[in-house]
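First chain A sits with chain B, and in the next complex the same chain sits with chain C.
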Partner chain A sequence: MSGIKKFVVGSFDDEAVLFPAVKNVRKAGYKIHDVYTPFPVHGLDHALGLRETSIHTAGFIYAITGTTTALSFMSWVFTKDWPLNIGGKPHFALPAWIPITFELTVLFAAVGMVLTFCYLCQLSPFVKKHHFSSRATDDHFVMVIECTDKTNEEELQSFLKNNGALDVNTQIAESGWWLGRYDREQKLYREELGY
Partner chain B sequence: MSLLKYESQLREPLVDGNKNYHQVTEDIIAPIEMKPSKLWYVGFYISVALLLFGVYSIYREVTYGIGQWNLNKTIGWGWDITNFVWWVGIGHAGTLISAILLLFRQGWRTGVNRAAEAMTIFAVMCAGQFPIWHMGRVWMAFFVLPYPNTRGPLWLNFNSPLLWDVFAISTYFTVSLLFWYSGLLPDFATVRDRAKTKFRKMMYGVAAFGWTGSTKHWQRFESLSLVLAGLSTPLVLSVHTIVSFDFATSIVPGWHTTIFPPYFVAGAIFSGFAMVQTLLIIVRKVLNLQEYITISHIEKMNKVIVLTGSIVGIAYLTELFIAWYGQNPYELAAFFENRGNIFSPYGWSYYLMMFCNVVSPQLFWSKKLRRNVTVTFFMSIIVNIGMWYERFVIIVTSVYRDFLPSSWSTYYSPSIYEIGFYLGTFGLFFTCFFLFAKYFPVIAVAEIKSVLKTSGANYKMKMSDIEKTDAEKFYIDEVEHAH
Partner chain C sequence: MSHNFQLPSSYKKWTWGLIVAGLLAVLYGFIMFHPFAHPAHTEGVHGGDSSTRFWAVLLQNSVYFLLITNAAMFFICVTTLALGGWQVAMKRVPEAISSVVPILGGITFIILLAIVLGGRTDIYHWLDASLYDKTSPNFDKILNGKHGFLNPTFFIVWSGLSIFLWIWLGQKMRTLSLKTDNEGQMDLVQSKKWMDTNFTVSSFYVVFFGLTVASTIPWFWLMSIDPHWYSTMYSWYTFASTFVSGMALIAIFVVYLKNRGELEYVTEEHLHDVGKFMFAFSVFWAYLWFDQYMLIWYSNQPEETRYFIDRIGTAEKSGPYHGIFFFNLIVNFLAPLLLLMKRGAKRNWTMVTFVGLLIIFGHWIDFFQMIMPGTMAAKAELLPFEFGVACLFIGIIMWGVGRYLTQHSLVQKNHPFLKESMIHHT
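Then we have the complex of A and B:
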C-alpha cells in the first residue's frame, strides 16, 4: 500500500465547478486519490464513487454490547454474586435496571464509534500527514490525482485547468496506512504563496 | 446538475452580510489569532478569583466536614443539590441544539451549536462537583463505581436512583464531550492551516488530530454526527428524567409525583436556553459575530423559551391541581401551606419562582420584545434566577417541615462556604468559557460554510433574482402557452 508517489493537485473554489470536473476526470480514466474539502459537500462521495460508510453498523454492535454488559452484570451481581434484600423486592429487578442499561448502551455506542472513526480516518493527536493544500480547510476544494507510469503530467495539469482548476501543481507524497505518512515537515501559512 | 438547494425567501438568512467561504474563516478564526482584549482579561481574572474562592470553600468543607454548611437533620439537601440540578439543567440546552435540532434539520443551529455544546460540557462539570463534595469523605468517591473490591465484593445498589445518576451524568458528560470534540476537529484544522507561528501550528496540529478534509472522512464524519445526535437525543431526556427520579421515587410529599420527568426536562431546556442567550449575547458583541448569531437566532431561541416556560407553568398548575384532587393532607400541606402560602417561611420563594418562570416569559409573545437584544438579555437572567428558585422550592420547601413537627427545622440559610462553593462553580464555568472563547472557534466554521450557499444573505439575494425570472418563464411557458 505505502510508497512514494506522485500526485497532480488541482484546486477549485466553487463546488459547482468541482462536480463536473470530478465527472470529467473520472470519465477520462484518471484515478482520483481524494478530494479535500473545507466542509462536507453533499453528493461528492457518490460523484467519486465511494461506497457508503458502515460506521453506523459498528455503532449498533457497540450499543448491543453495552446493553448486554449492563444487563448481564447487574443480573449476575443481584441474583448470583451478592443478592441483596432491598425492601423484599425481587432480586431480578429488571425495571429498575433499565436506566443503567440505557446509559451503558449509549456510552458504549458513542465511545466505540468515535474510536472507530478515529482509527478509520487515521486521526490521532500526534499523527503527521501530507497536506496537499492548506486552503483545503479554508475555501478550496482540492482534487488530488495519483500519477501512474502512463500518466502524462502536463497533459493532466492542463486537463484540470480546462475543467476550472484555479491552481495546479505536482506533489510527491508518501501514501499509506497510518505510519506511512510522516514524511514532511509542516509548512507555515504564507500570505504571498496562498498556502 | 443543480447543486444549490432552494430555500424560501420568507426564511430569514442565517448568515448576514456579503460572505464567501474565506470571509467566514476570517471572521470566526481571527479572534483566536489576536491578543485578547482588556475586557477579556478582566472577566477571566474575576472568574479565576471566584474559582479560587470556591476552592477555599471546598477546602473548609473537606477539612472540617459537612458541618461547614448550614444543612441540618431535616434539610439534608439544601443549596448543594439545588445547584447540582440547576447546572445539569443548564447543560440540556446545548444538547437540544446540537442533537435534537440536527435530527429536526433546523439549519439555524449551525450558528449557535458550538458555544451551546461548550456550555453543556462546562455546566455538567460544575454540576458534578456538588454530589461529589457532598459525600463528605470525598476520598471515598470511587465507592460509587462498580469495581471488584475486598469488601465482599460488595457491589452497588443498582436499584437506586442515586446510582442511576452516577451513570447518567458521567455518560452524558462523556458523550457530550465526544460529540463536541469530533465537531471541533475540522475547525482546529482550519486554525492549524492558517497558523503563522510555529507554536500555534503545533498546538492546533495536535488538537486537530491530523484532519485533512478528505471526502471519505467527511462521509464518516457526517454519519458519526448523525448517530451521535440520535444517541444524545434520548440521552439528554434520560438524564434529567433520572435526576428527577432522585426526588420522584421518594415518599416525601412535594417530591412524590409522576409529573417530575417531563416537568424537569422542560425546565432544564428552559433554563438552558436562558443561559445560552446570556452567553451568546455577550459573545456576539465582544467577538463581533452579529452576522453569524443574528437577531433571528435570538428570536428563535426566545420562542423555545416561551414554549418551555409555558410547559413549566402548566406543570406547576398541574401539581397544585393534583394536590387538591388527591386530598392527601400531607400533599395539601406541602403545596398549599409550605409553598402556596406566601406568609409561610419559604412562601416568597414560590411566588418569586412563579413570577420569573411563568409570568415574565410571556413577554416573548410580542415579536418586538423577542427581537430586542437588551430585553432578551435581562429576561435570560430572570429565567436563570427563576429556575434556580424552582429547584430551591422543590428541595427545601418539601423537606423543612417533615412528618414529625418537633423536628421542623428553623429557617435554613446557607453558610458563607455554601455560597462560596456555588460562586466557585461560576468561577469554574466562566474560566472555562473565557478560555473557550479565546482559543476555540466559537462558531462551527465548517457547518456555517455548508449552509452558506443556501442561507447566506448574499446568496439568497441572488436566488431571489433566479426565482423571479423563473417564475416569469414558468408563467410564459405554462400559462400563456396553454391558452
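Then we have the complex of A and C:
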C-alpha cells in the first residue's frame, strides 16, 4: 500500500461544491486516495463509498473479553485462591461482582476501541504522514487522487478545476507513514517570512 | 395530504375481537370469582381467594396499560422540552396513544375506588382500620407511622388529581398540535409563540409527571401492596418499565402505519432513534432492577429481603415466582440488549417489531410479579382469565389509537420542525 506515489490534489472551499465533485470524480473512474477536511463532514463517507466501520464488532469482542476476565478472575480468587467470609455471603457472590464486571467490560471496550481506532488511523506520537495541503486543517476540503500509469495529469487537473477546485497541483509523496516529527522538507510556520 | 387514514378491516376485526374476548373474560371473572365477596382473612396467612384474583388482575392490567399510554405523552413532552426535531414526522403516533389516557385513566380510577372503598385489605393491607387502633391486638407501629400518607382519603384525592392532570395537560398538548393542521404555515413569530406555549405545557406535564409516575403514584398503587416494605428505586423502576413499553408501543404503531404506506416522512433513521430508546431504556430498567436487588441482597435486612423471599424464595426452598422472576430479567434485559445491539437491528422493521412485542409482554409479566406475590402469594395463576383481561386493555388501546389516527392527519404538516425531521439522519 505505502510507498512513493504520484497524486493529483484539488482543494475546495465549499461542501456544496465538494459533494458533486466527489461524485463526478468517482463516476469518471479516478481512484480517490482520501479527502481531508477541517471538520467531520456529514455523509462524506457515504459519498466516497467507504464501507461501514467494523469498530463496533471489535468493541463487542473487547467488551465480552472484559466480562469474561472479570468474572473468571473474581470467581477464581473468591472460590479457589482466597475464599473469604464476607458478611456470611456465599463465596460465589454474583450480585456483588456485577458492578466490577460492568466496569471491566466498559474499560476493556473503551480502551480497546481507542487503541484500535488509533491503529486504523495510524495515529501515534512520532508517526508522521505527508500533508497534501496545510489548509486541510483550516478552511479547505482537500481531495487527493492517486495517479496510475494511465492517468493523464493535465486532463485530471482541468477536470478538477471544472468541478470547482480552487487550487490544483500534482505531488509526488509518501503515501504511508514514517517515524519522525515533521515533514522532511517542511518549513515551520515560525520560520516563515512575516510570521 | 389532507386525506385521512382509513382503518383496514383487519384492524377493526382485531380491535373488536380483543375487546369482546376481554369483556367475556371480565364477565367470567365477575360471575365466577365473586368479586364483592371478601376472603376470609386469617392472621399471618398470605394469599387471596378468587375474589382477590379478580381485583389483582384488574389492578395489574389497568395500571400497566394506563402508564404505558401515559408514557407516550411523556415522550412528546420531553422531546418538546429538548427542542427535538426528529420525532415530528411520527409525532401523531404517540399523540394517538396518549389519547387513550382519558379512557384508561377513568377505568383505573374506578378500579382503584372499588378496591379502596370496598375495603379490599387482601390487596392493600393498609386499608385495615384496626391497624391504627392502639387498643387493638392488630395495632401496627410501622403502618401507623405511615398513616399520614397511606390513608384512603389521600390515596383517592391524589390518584384522582394525578389522573385528571395527566388527561388535562395531555389534552392541551394534543389540542396545540391539532390546531396547527388548519392554520397553514406559521411564520417565525408565530412559530416561536407556538413553541413557547408547547414548552410551557410540556414543562408542567414533565414536572407533574416527576411528582406522580416517577415517585408517588407507584408508591400508592403498587408499592403499598407490601406496605411494610419500601424501596427508594421502586418508582424509577416502574417508570423505566412503562417508558420502555411505551416506546415499544410507539414503534409497533409506526411500523404498522409504515407497512400500510402511511407516514411518508418516516424512514429507518427515525426507526433507529426509537430503537435506541428501546435499547437504552431496557438497559436503564435493568440498572434499576439490579440496584434494587443488590442493595437489599447486600445489606440483608429481614424487613427488606422479605420482598425477594416472597418472589424467588430462599436458598433452601425456591419461591412460587422463581421462574417468572428470572424470566423477567431475560426477556426485558438480555433479549433487548443482544437483539437490538447491532445498528442494523435497530433499523430493521421486523426486528424492532419483534423486540417491541417482547418488551410489552415482558413488562406485563414484570407488573404481574410486582403485584401478585403480595396479593395472591402462591395461588396466583397465569390462565386465560389473566390474558383475557390484558386483551381487553389492548383492544381499548387499539380502538382509541385507531380513532385518533383516522380523525386527524397522520403528519403534523405545519410543525416548525417538520423539515428537520424530514432530513433527519443519524
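The definition used in the following text is that the second predicted complex is superposed on the first by the 176 of 195 C-alpha atoms of A that agree within 3 Å, B and C clash if a C-alpha of one lies under 4 Å from a C-alpha of the other, contacts with A are read in each partner's own complex, and residues count from 1 in each chain.
One rule holds in what follows: a contact is a pair of C-beta atoms (placed from the backbone, for glycine too) under 8 Å apart; a residue touches a chain by one contact, two chains touch by 3 or more.
Being a predicted model, the structure only gives us computed values, none of them experimental.
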Inset, instruction - Check the residue A:H56 against both partner chains and state whether it touches chain B (first), chain C (second), both, or neither. - result: both
Inset, instruction - Examine A:D138 and indicate which partner it touches, taking first as chain B and second as chain C; both and neither are also allowed. - result: first
Legend entry - Winner by number of chain A residues touched, once chain B and chain C are compared: B
Legend entry - chain B versus chain C as contact partner of A:A96, first or second or both or neither: both
Legend entry - Common ground on chain A, meaning residues reached by chain C in one complex and by chain B in the other: 42-43, 52, 56, 96, 99
Inset, instruction - Would you mind writing out the residues of chain A in touch with chain C in their complex? - result: 42-43, 52, 56, 60, 87-88, 95-96, 98-99
Legend entry - chain A-touching residues of chain C, taken from the complex the two chains share: 290, 293-294, 297-298, 300, 341-343, 425
Inset, instruction - Spell out the part of chain B that touches chain A in their complex, as residue ranges. - result: 1, 3-4, 20-22, 25, 146, 152-155, 157-159, 161, 163-164, 167-168, 171, 174-175, 178-179, 182, 185-186, 189-190, 192-198, 201, 205-207, 209-224, 226-228, 231-232, 234-235, 238, 242, 245, 445-447, 449-450
Inset, instruction - Using the touch rule from the top, collect the residues of chain A that touch chain B in their complex. - result: 13, 15-16, 19-20, 34-45, 48, 50, 52-53, 55-56, 59, 73-74, 77-78, 81-82, 84, 86, 89, 93, 96-97, 99-100, 102-104, 106-107, 109-111, 113-114, 117-118, 120-129, 131, 134-139, 142, 186, 188-189
